[in-house]
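Multiple structures follow.
Below, chain A partners chain B and then partners chain C, in two separate complexes.
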Partner chain A sequence: MANKQLGFFINVERCIGCHACEVACKDKNDLEVGPRWRRVRIVEGGAYPKPFAYSISMACNHCKDPICVKVCPVGAYTKREDGLVIHDQSRCIGCRYCTFACPYAAPQFDESKGKAGKCSGCHDLVDKGQEPICVQACILRALEFGPLEELQQKHPGAVQSLPVLPDPKVTDPSVRLQPRPEVNSRPARIVDGHRTRQV
Partner chain B sequence: MKELPLILFTVLSQAAVGLVAIPTVLESLLGTEKVAALQPALRNVGRLVFPLALASLAASLWHLGAPLGAYRAVSNFGSSWLAREIILMGLFTACAAAYSHLWQWRPENQPARRTVGLVAAVVGLLAVFATGMVYQLPSRPDWSHWSNLMAGFVTALLIGGMAVSCAVARHAGAPVEARRYLGYIVLAAAAALVLGLAFYGPYLTGVSGTTTALLFGNSWFWLRLLVGVGLPVWVAAPLVKGEQPGPVLVRIALVAVVAGELVGRTLFYTSVLSQLPLF
Partner chain C sequence: MGVSRRTFLAWSGLLGGAALVAPSLGLSGGGLVETAAEAAGEEGKEAAYYTACARNCGSKCILKAYVKDGVITRMGSDDAVADDPNNPQLRMCLRGWSYRKRVYAPDRLKYPMKRVGKRGEGKFERISWDEAFDLYAQWLKEVKAQFGPGAIYCMDGSGSIDLALHSTWRQLGPRFFRMYGGGTEQTLSYSSGARTVATPYTLGNLANSSAPTFRQTKLMLMWGWNPAENGMGTNTAYFLRQAKERGCKVYVIDPRFTDTAASYADVWVPLKPGTDVAMMSAMAWVIINEKLQDQGFVEKYTEGWQEWFDYITGKEDGQPKTPEWAEPITGVQANLIRQMAREYAAVKPAALVMGLGPQRTAYGEQVARCGPSLAALTGNIGILGGYHALMNWMMAFPSDGMKTLPMPGKPTAALPCNQWPDLFLKGKSGGYPVDIHMAVATGANYLNQGGNLNKAITALQNEGLKYFVVHEQFMTPTAKFADLLLPINSLFERMDIAHANGAAVFMPQIIPSLYESKSDWEIMTQVARRLGFEQEWTGGKTEEAWLKELAATSKLIPDWETFKKQQIVRLDLATPIVAFKEQVQDGKPFPTPSGKIEISSKRIKEANNPKMPAVPKYIADWESPGDPLAQKYPLQFIAPHSKQRVHSAFHNVPWVREVEPHALWINPVDAASRGIQNDDTIRIFNDRGEVHIIAWVTERIMPGVVALTEGAWYDPEEPGKPGSIDRAGCANVLTSDRPTPFAGATSQHTCLVQVARR
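After this line comes the complex of A and B, so read on.
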């Protein structure tokens, strides 16, 4: 597996937005109220008789060109040989610059610790040959993890980005998404926990 | 407000750079005799530089979640503009200490002061550039515009220009040329700000309607332009002619320009950061 970029496959067609991945991530990483290293966002739009809603579960995309690694002043971020981007919280000084810079808002500031934190791809589990906890928790098998090339071969219809997501050219995210027809329709709002953003 | 430390850090540090750069330029442009006449006015300004730079560093520490680790913030200078900014601001503060020390204890040592002032001004202007580069992020097109890169220099020149004008207004013996130069500096800074906004407006409209509404739809933005830029221009007009505007008016304009820069910087941060995460 070494030297092959690891990444997530997100089956948007299959995800029902149950948030099990999010809760499993919070539980494993013992996160306080606030930070959600994996977040399920509901994209809504359309109108009667054709309304639509779909869920996107997204964490750190362990980008090939990670902007967090470049901008962090203390060098708290490193990219491993397998492509996972790891954040060393013991080095972090809580300047929040990574939270400004990441287009996917993967690094999040934890007020209780005064430091940023983000998905590490459960590298401790991966090193033991296991899957990240979110993948293990998904009851619909909508999340997969592995070498990006293999994920792409397994899901030939998968794409790197969706119209509702940030421009992938900025960081080249190591993620593949199985779209559904509605992703090309203009959404009206994105619901992220208690926050709703009109698009 | 979460961004208050960043607002104070950037505005205070840029003001400190202006307070070194402008007296240094004036001392370089004027002859020895005229510099001597200006010295009592510039001394008050020179002594302020270090306290301002120190206060800006304190504000930058206040921003951190774990300030005790701040010393590590220089380690990734190879790729991080934030690390470069911290290094340059640290160097500038050291230069500012020497500069203020010379004004306080050795005001007669003009050659040393000019050399230290020149070094401090160059390092300070590089630090202002680094601050601007921190916000030139490919993931934040709302910020990534040359006018935002220029904004720090505008702040330095506007606050610096008005602060020196204020000090000069209190000393009747100040040469006419000094007033003229100060008038040109303030007018040039105000013109650069307006020109930058004239280009930034259409650019931002194409990037994000929400940010455009949050920035240009905010009445504080227009109030800042009217008072924080209009009043200094009002004061600069007689300065350019070599005339001395009333000291009270100059003081009011200094307060207006500082308040205007604080408001402008607040809008810069909140118009973008209040929307995060975008996805």
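After this line comes the complex of A and C, so read on.
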């Protein structure tokens, strides 16, 4: 498994937006209100009586070319041999560069700690041969984790990005998504917890 | 957390005699499980135990708790078996994952308290358990001696449910008061009152099918049924996804474009609340008019179909129930009704699956009988992949046949639960069989969860009610009205057995009871001692002895010690359970007087209630767009369930609050005409009350209808004052407590409001 880039597969067609993955992540990582290392965003569009909505559960994409590693002034980020990008909070000085640089907003500033934090791919569990907690939690079995190549082979229809997501050329994210037809429709807004962004 | 780690370390010594057994787990893909024997005595060691999330959501999922030094450090879920699409792990939802924050919530009640202010002001003083038990016993004695046992009202809620020992729902309270000589009990539930009474007149009982059967379904009509946001039984949403991936076509009929509609629907059919029977009748008209019905099935298995056909065709009342007739009533285009009717009649097996929302309406009894009649018309009952249109909150699971705690004796009186405010206020003068002078709430936040909250406040504040005892974990809106408020421990703090969906789970005591909290069982034992029936209450048995005895009645549970170690035993979920299969395939009679599906019921006819016709009919709701009240309050208001809460439970957990805002759903058309923008704070009001909350302006709800999920904890500007403005978005400040005409059930979704900018 070493040397093979690990990543997440996200089945957007299956996801019902239940947020179990998100809260499992908060519990595993003991996060206070605020940071959501895995978060389920709801993309809404269309108009009554034909609205649409779909959910995208996303954490850190453990990019092949991680910008967080590049911008961190204190070297708090490392990319492991298996491709997981790990943030060492003990080295973090809370400058927030990573939170501004990451196109996916994966690193988030934790007010309670004065430091950034992000999904580590549950590397402690992965090292014991287990799956990340979000994958274990998924009620629809819409999340998978493993060597990216294998995930791509298993899901030939999976893509690296969706129209609502940032350009994958920036960081080459280690993620594959199973799209659904609505991803090609123009969204009206993206609901992210208590924040709503008009598109 | 409010409890120091030092306190836990001091308590961990207490665990020796508790149920901390070592689960022996054949883990696959699972977590680290140290044996408890090693961990319990050893500081800094982590142990893990399985338990079950015994909440009233319809599901029962596996929780796993990692414990270190007597403190739960994190949660896990079902990893005791490999995940298999036919027998999936019993994975829990976001609420289960948030459970640690609920156990250690800062607002956990810590010690017994006595009211000092006015009832409902929320002012209390701390007392000792001995004082609390003495007072509790003294009040019961006094009320029973003066007014008889029927004056004591047993308000047993679903805060703790489907447990062998510690279920509050229809178990501990009723058992206690029956042993004390009676008490007034609750019947039905806020969830399902109308269908629980009405559906058996048609089908004979409330038998259900299992979710894996939908994998054979070719067409589904999910009618007011929202499994993406309500569990409907562990894994139901997953089995439905499997159905979709096998090509099942799905219609979702709901005033809201729910997560279920967003995730599963090929076609969303927005329907005005309370008009379900009009739409079903129009579908029946299309089917009958075009001779698409399964006439063989209808003639063989149903009774009184001609009478229903006469209603549908208009032979009875001169009004054919055509799609054109239904369109202005329902808001659904006639052609769409036609299309659905034709498809439902043509595709087999097809499943018309119904949630309970449509029956929490003025004439909820009608829809609870009309759905099964329509399913019979298309011959979709008793066949694999079909469905009998039972309005349900959970699909069926195989049962291990385990017995429940014996319940000797009888109540003095029993009335539908939703009628309590009216009963408290009127008693015998209002035609009720009893006057209520004392109430005991266990696992019940009924002030918050019943219709017409402001009337409920006056009911709790009426002078005839001498004493109100509340067993609670948190300072809920109901708890604030207590005279005596007793802190209850959580499911991690006591031993039990849960009936998870398709499994039985041994629930060890995982952590000590926090603060001074105790279980309802312990409290009732102490009070029974003071009242002289402790021996009868406990049966001379310890809690573990009871559990062992009940476990022995299960077909599934092995011997007690093995079960304690193994923790989870499972039944095969893949074997489909098809309701009424024996009737349709083997010719057994339906459990009705005629032995058939009674589309027309003689018993109902004999009851001679003008609002309960013998065949299901569309009757316009009292608070509906046609009501003169709609001039003043033009919007239909519904209060669906939220994925963030189980009714009012979990409202105080910040991790679930964070995932989405609590807000009033309103269509842009209705918002624009009121100058309302997304996130504006608005007033929602009618003659019953006023709520201030933010607006969620969305294309996902039909115009003319607004929705606010139920369960947010009432937060009045003026505590204890009826009519105060609520700032939390508690739906029941607006809903009504008017009972349905036949079942006497709740009609909370029949409600008109106005909305304005604040």
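Side notes on the structure shown:
Here is the rule we go by: the second predicted complex is superposed on the first by the 198 of 199 C-alpha atoms of A that agree within 3 Å, B and C clash if a C-alpha of one lies under 4 Å from a C-alpha of the other, contacts with A are read in each partner's own complex, and residues count from 1 in each chain.
Keep this in mind: contacts are C-beta pairs under 8 Å (C-beta built on N, C-alpha and C of every residue); 3 or more make two chains touch, one makes a residue touch a chain.
Small disclaimer: the values here were computed from a predicted structure and weren't measured.
After superposition onto chain A, partners chain B and chain C are found to sit side by side with no clash. Legend: residue contacts after superposition of the two complexes on their common chain; A:22 is shown touching chain C, with no touch to chain B. In the superposition on chain A, contact is made by A:190 with chain B only, not with chain C.
Touch criterion met: A:30 reaches chain C, while chain B stays clear of it.
Look at A:164: by the touch rule set out above, it reaches chain B but stays clear of chain C. In the superposition on chain A, A:100 contacts chain B only, with no contact to chain C. Of the two partner chains placed around the shared chain by superposition, chain B is the only one that A:113 touches, whereas chain C remains out of contact. Nowhere in the superposition do the C-alpha atoms of chain B and chain C come closer than 15 Å. Taken together, the two complexes place no residue of chain A in contact with both chain B and chain C.
Residue ranges on chain B touching chain A, taken from their complex, read 63-67, 69-70, 72-77, 79-83, 86, 134, 137-140, 273, 275-279.
The residues of chain C lying in touch with chain A in their complex are 29-32, 74-77, 79, 83, 85, 88, 91-94, 96-98, 100, 228-229, 235, 237-238, 241, 257, 259-260, 262-263, 268, 270, 643, 654-661, 667-669, 678-679, 698-703. Contact residues of chain A toward chain B in the complex are 41, 58, 67, 69-75, 91-97, 99-105, 109, 111, 113-116, 164-166, 170-171, 190, 192, 197. Interface residues of chain A, counted against chain C in their complex, comprise 14-20, 22-24, 26-28, 30, 33, 36, 40, 44, 46-55, 125, 128, 130-131, 133, 136-141, 188, 191, 193-194, 196.
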